[in-house]
Amino acid sequence: MSTTLPMLETYPNPIELDRGKLAATIDTLDDCAEACTACAEACLGEPDVAELTMCIRTNLDCADVCASAARVLTRWTGYDASIGRAMLEACATACAVCAAECERHAAKHEHCRICAEACRRCEQSCRALLTEMS
Amino acid sequence: MSTTLPMLETYPNPIELDRGKLAATIDTLDDCAEACTACAEACLGEPDVAELTMCIRTNLDCADVCASAARVLTRWTGYDASIGRAMLEACATACAVCAAECERHAAKHEHCRICAEACRRCEQSCRALLTEMS
Amino acid sequence: MSTTLPMLETYPNPIELDRGKLAATIDTLDDCAEACTACAEACLGEPDVAELTMCIRTNLDCADVCASAARVLTRWTGYDASIGRAMLEACATACAVCAAECERHAAKHEHCRICAEACRRCEQSCRALLTEMS
Amino acid sequence: MSTTLPMLETYPNPIELDRGKLAATIDTLDDCAEACTACAEACLGEPDVAELTMCIRTNLDCADVCASAARVLTRWTGYDASIGRAMLEACATACAVCAAECERHAAKHEHCRICAEACRRCEQSCRALLTEMS
């Protein structure tokens, strides 16, 4: 029961995007950032942490990129779409890289499997919103 | 359908707190951070923005504190509870201040009303988890 | 006397970029994020805040993008340059937009003048590092 | 040559604290956040990463707490000192825990030695500002 859409619906300024789609992307970004932060933590607790260092790095990168993208999109009032678009591109990239890395460990580590799925959903959501804009 | 609890359930390390309660607090923190970021943006779009500057400031503060608290709690594996506890205290404070400020504008601005509720929920959730710990 | 370069010099992993240039870009990003956060706060205190709302928005966007870019670059160990590159592009965009907006108010507000300069320095630094990579 | 103090000097609103001391604390927080992010990255590259997982966790916590504290203090216009104070307390705690952990590895890892020093400086700076306030 996220408050993202109810909040976007109160914006006094026009938004050139469908508010439902924008809110859904923001929620997906927030969820992905959270999943990546959690996956890094879970990886740090594994006995084979030495084989998961690249996964931890991409998790941390992806969490930071998604979290700041969610904020930028929340301030989306269309004034200059270029920052939002650049962040959606950066996010789609980060999510793709992180998903690919997590997928390598998905058979062994459940947190990597769940996180890879969150990254793929987020990558798709970012690309769909980019299409919507153009 | 947040992935926070499913992720926490995969943590290989023990957590001294109930994972369901921890996950619920993290989700509430993430939601409050998002609501506060959105409320600041909505306030910036209002014709009476000059009367909302304090609200924008507390929104931004509360968003930053909640977002970093969510990350710290996601790394909660009990090693040293003092950072998590300090962040929960800071969050409860920030949420209380922000809720009080938003409530002053709630009759006039729907975004302040919704945001005040998100802050109150979050304040309560932080205090409940602090009680759980002691 | 930033510790960024001394820290990068201790990295056990190779970095394909010149560490001095990388550290300088990270410091410029951190400084720009700080300047933008401060400019938003200063704008909120101005009697003509209603004319500065777009400036506050771009300040907040630019601060978030620069802060997360600094973190991503700090984890630069070359594994997959695509996230770092995408964030440098997003940063160059955000800095250019924010600088242009701040420059509109630079004659009237000293904080906008200083912030515009910080954004221009950061934009240049990001573009220079992108050239270095290719 | 940080722009923090020049920016604080342009604030139209009064600040009840000495601007030089406030700017110095903000710079110390930003530097500590950067050092902790870098130390986590360096630890991930070490052959004995399995012994550094607690260090990585505290580094990440400390980086998040310091970064959000720097933002909150940058918005310090005295309206309600309680959020700023709570974040300074949380920061002093996080820095003390992180410094103690890094000191355990300082003889072996130069990045932990430098990071521990950054954390101790930051802890002191936060405590000094707290004293200033009371």
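As written, the chain order gives the labels A, B, C and D, with residue 1 at the start of each chain.
Throughout what follows, a contact is a pair of C-beta atoms (placed from the backbone, for glycine too) under 8 Å apart; a residue touches a chain by one contact, two chains touch by 3 or more.
On a predicted model such as this, the values are computed, not experimentally measured, just so you know.
Chains touching both subunit B and subunit C: A, D. Of the two chain pairs examined here, A-B and B-D, it is A-B that is joined by more C-beta pairs in contact. With centres set at the average Cα position, the gap from subunit B to subunit D is 21 Å. Among the residues of subunit C, those in touch with two or more other chains are 41, 45, 57, 60, 67, 71, 75, 77.
Taken in their complex, subunit B has these residues touching subunit C: 40-41, 44-45, 49-50, 53, 56-57, 60. Per the touch definition, subunit D reaches subunit C in the complex via residues 2-4, 6-8, 10-13, 26, 30-31, 34-35, 37-39, 41-42, 45-47, 63, 67, 70-71, 74-75, 77, 109-111, 114-115, 118. Subunit C makes touch with subunit A in their complex at residues 54, 57-58, 60-62, 64-65, 67-68, 71-72, 75, 77, 79-80, 82-83, 86-87, 89-90, 93-94, 97.
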